[in-house]
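Shared between the two complexes below is chain A, which has chain B as its partner in the first and chain C in the second.
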Partner chain A sequence: MVESYKLMKKKKTLYTTLILVVFFAVLIWSVYGVLIRDTNWSKIGSAKEVWEAVTRFFPPEWAYTLKLAKPTLDTFLIAVLGTFIALILSVPVAWFAARNFTPFFPVTYPLGRLVMTISRSVHEIVWALIFVAAVGLGPFAGIIALSMRSIGFTSKLTAEQIENIDYRPIEAIRAVGGNPMQVFFYATIPQVLPQFIGTAIFQWDINIRRATIIGIVGGGGLGLVFSQKMAAYQYAQATACLLAILLLVLVGEYTSTRLRTLIQ
Partner chain B sequence: MTSELTQKLKNRNGKNAILIVENLKKTYPSGEPALKGVSLEVYEEEFVALIGLSGAGKSTLLRCINRLVEPDSGKVYLDGVELTSLDKKRLREARRNMGMIFQEFNLVERLTVLQNILTGRLGYIGFWRSLFRKFPRKDIERAVELADLVGMKPYIYKRADKLSGGQRQRVGIARALIQEPKFLLVDEPTSSLDPAIGHDVMDEFHKTAKTLGVPVLVSIHDVNLALEYADRIIAMRNGEKIFEGDAKGVTREKLSEIYQYEI
Partner chain C sequence: MVENVHKTGNIDYLKRSLTGKKQVVWKKIVNYVLVLFLFTFLYWSFTYLNIPVRRFFTMWGPIGYKIHQLFLPPDFGYLNNMKLLRSIVQTFQLAFFGTVVGLILCVPLAWFAAINVTPSKFILYPISRGIIILSRSIYEIIWAILFTMILGFGPLAGTLTCILATIGFSGKLMAEEVEAIRVGPIEAIRATGGNEFDVFFYAIFPQVRVAWAGIAIYSWDSTFRLATILGYVGAGGIGMYLRETIEMLDYSKTGMTLIVIIGLVIVSEVVSANARKKIM
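Moving on to the complex of A and B:
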């Protein structure tokens, strides 16, 4: 007993050491590779210059914040519309991708899963770049990009909810002579809807943040204004944009948390 | 209608058979036959208990009668209407005449007690009305009456997921009764409940069924409950009917034979 315990402990220590060695080797390698070798040290200024560059952003141009009402509202609406479209589109995707409800498993199930994977594995910035190229700069590109990015998450959670559905109420509604639509509205929807609404609110909250980011690559709203100000070296105004973004995100997060506790 | 059937319809102490099951068979895709040709009748106002060990095929038999599970062969007559050959629409119409009460209550958790009872009327309600949950006034009044009858009137606006087991089963009973069924299928109504509560629920249910004169086929593995309430006992083992007789005539010897062990 004691012998085997000692042996086990020895083995464990060996593993721990090995893992630590590998971890630090990778760490040192990356510091050397991307920090020491790839940074152009000669171009980095003195501490004073760095400090000056940072202070150019302060104080923010307070008067300019008033002009940001419109782009802030735009960003907010892009998030709302992008989420809304995603929710509508995710209903058929979730239906297809739910093992137990998919209409024709060999075709529709992989199709649903494929849409999910594409939506989730392509970053929102990439989606935005694609749609800016397709429909031009502005909120429209942003809205479509957001909805494409969001379908995956909302439909995945919804499909999982459908897969975990309780069949007992379904049986009961069938037994009283309910038709398939009645079974759907009385037994299926009540089990999926609360979670779907929760997912929608959560996704909307995330999409407010995404909407500002995709604005930077041309998707409209606050992000677009921010990137324009940066390009024009108007740092004080750029800081005003950042403050507006911060405020909008905080409001979104607060609302989302409150709403989600309400529906539980 | 076959002559054999009309014969049966006249049968038994001047009471008609409401339910006639003939040679019902079912084998699940997994292979083992669940029903090996079961025949039985339930007559007007009769309370019949279906007993047997779990796995004997009681649940499958009940579900084959209203075709929640499709039987492989055999006939089921409900008040003279043959069910196994009906198309989907006619089957739904036929199901309206047959209430079902479930072991695990099968309520819609997020609907209120009143809404759950009202779902028993869905077979009579059109699509749009049911979509907006707009039930006719007389249905709502009846639902409240039935809630009162099963002792759930104080809780009609409570959501089903906030109820205790006994309360849930009372709602399940009211949901079946609002169908104004000609016949009730009851699947292990008390086995998800505490014994004492189960006994109360069974007692009230038995009284109600007798008052309304609805014939009942109830599967129940608790033999004592079966003997206490049933007029007649049908016993099953391995997908076959092995005994049928008046509850009064069931002896200990008979039971140990049914269950193949000492009771």
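Moving on to the complex of A and C:
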């Protein structure tokens, strides 16, 4: 008994040591790859040159911040509309991907899951690239790109919520003769809605962040101004853009936190 | 309740039921106003942003054509390209290095940024909160652009971005874990004369260890996903080939790169989901 316990413990320590050794080996390999093999230190220059590169961004051009009001509002609206469209589109996806409610399991369930996975594993920049090519430059491409990116997360959480639903209200409504429509509206929706709204607010908060960069590939908003300023080497104005982004994101985060505590 | 009705009589009871009905009516009115407001807002924002709604119906052709260009068929031969394979390795390396360093930095940051256990409420707490909020609020890609401007193109900028992304992502979550711990052990350590380090190592850390490990794995997921795209702005990794092939209008190669990226993300997600299951 004691022997086997000792053996088990020995095995366990061996296993842990093995994992640690592999971990540190991979870490050293990564450090070597990043810092020594792939970085050209002479190109970066001395610490002084780096510091000079940093100070080019300061001080921000305060007067320029006033001109950023429109792109900031654009960014905000892109986030709101992107989230809104994502919410609408995520309802059918969540319905398909919920194990217990999916209309035809062998086909619709994998389909829903596939949409979810693709939506989440493609970065918003890539989505934006695709839609900029399809609908042209501007906020519209950004909105659709954001909504495509958000469908996965929203529908995943909603589908999980639908899977964990309480069946008693459904049975009750069926028992009094309700049709599937009534079951859906009076038994399913009330159970999913609070969590759905919470997810929506959370997603909106994330989408504000995403909307700030969608402009880099032509999706409109603050990102567009920022990348233009960077490309034109107008660093002081780029810093002003950064301040606008910071303000927008902080206000968005504060609002979403307040809203989420309000609805709970 | 019953006593109340008895005392004040029937009229008051009637009034109350009336107010109840009124409330229902008011609620309906408020709901309608909200819906009306929503639609007005949507209409206004569509016109404000000059969104060509008609294009929503005409975009399917171009999207189909784009998908055809990208994936039908993807250029499988592009995989047989040492540069691409090496950039995959680089992606992994910078994500791993960045996540590990970021997590190491997160440990003190989360400790200082938890209001209940922070060693100094007026200096370290605001500083560490500020660092976390700053790295969260500026989106990672923007950090990457800034770092490439300062340090030049290459994986170093990407690694720094990954560090900040990890701090922004897990710093907040880890601090929240610390804020939710029991105070009993902390008080016990303090009562026996332990200093702040003792409190951290013997009272805080053991309580949050498992949750932090879970957060670390999540953080790896999100950082790796980020690392696959960082190259697009020149910060190292496979994303570079995304930009290169797009600029060369060689879309079938872009499609192959996208497939590789999605594959990598899915593999990393499966691995980390298994790791999470093992830890929990």
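The definition used in the following text is that the second predicted complex is superposed on the first by the 261 of 264 C-alpha atoms of A that agree within 3 Å, B and C clash if a C-alpha of one lies under 4 Å from a C-alpha of the other, contacts with A are read in each partner's own complex, and residues count from 1 in each chain.
To be clear about the criterion, a residue touches a chain if its C-beta (ideal position, glycine included) is under 8 Å from a C-beta of that chain, and two chains touch if they have at least 3 such contacts.
Every value quoted in this text rests on a predicted model; they were computed, and no experiment measured them.
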{"item": "Chain C versus chain B on the shared chain A, clash or fit after superposition", "value": "fit"}
{"item": "Which of chain B and chain C A:H123 touches, first, second, both or neither", "value": "second"}
{"item": "Partner chain in contact with A:P92 - chain B first, chain C second, else both or neither", "value": "neither"}
{"item": "First (chain B), second (chain C), both or neither touched by A:P169", "value": "first"}
{"item": "Touching partner for A:W29 - first (chain B), second (chain C), both, neither", "value": "second"}
{"item": "Contacts of A:G198 with chain B and chain C, given as first, second, both or neither", "value": "neither"}
{"item": "Contacts of A:G177 with chain B and chain C, given as first, second, both or neither", "value": "first"}
{"item": "Chain A residues touched by each partner, larger count belonging to chain B or chain C", "value": "C"}
{"item": "Partner chain(s) touched by A:F185 [first = chain B, second = chain C, both, neither]", "value": "first"}
{"item": "Where chain B and chain C come nearest after superposition, their Cα distance in Å", "value": "7"}
{"item": "Contact residues of chain A, present in both the chain B and the chain C interface", "value": "none"}
{"item": "Residue numbers on chain C that touch chain A, as the complex places them", "value": "42, 45-46, 48-52, 55-56, 59, 62-63, 66, 70, 89-90, 92-94, 96-97, 100, 133-134, 136-139, 141-142, 145-146, 149-152, 154-156, 159, 225-226, 228-229, 232-233, 236, 242, 246, 258, 261-262, 265-266, 269"}
{"item": "Chain B contact footprint on chain A (complex, rising order)", "value": "166, 168-169, 171-179, 181-182, 185-187, 190-191, 194"}
{"item": "In the complex with chain A, residue positions of chain B that touch it", "value": "66, 68, 92-96, 98-100, 102, 104-111, 119-125, 127, 130-131, 172, 175, 179, 185"}
{"item": "Chain C-touching residues of chain A, taken from the complex the two chains share", "value": "26-27, 29-31, 33-35, 38-40, 43-44, 50, 53-54, 57, 73-74, 77-78, 80-81, 84, 117-118, 121-123, 125-126, 129-131, 133-136, 138-140, 143-144, 209-210, 212-213, 216, 220, 223, 226-227, 230, 235, 242, 245-246, 249-250, 253"}
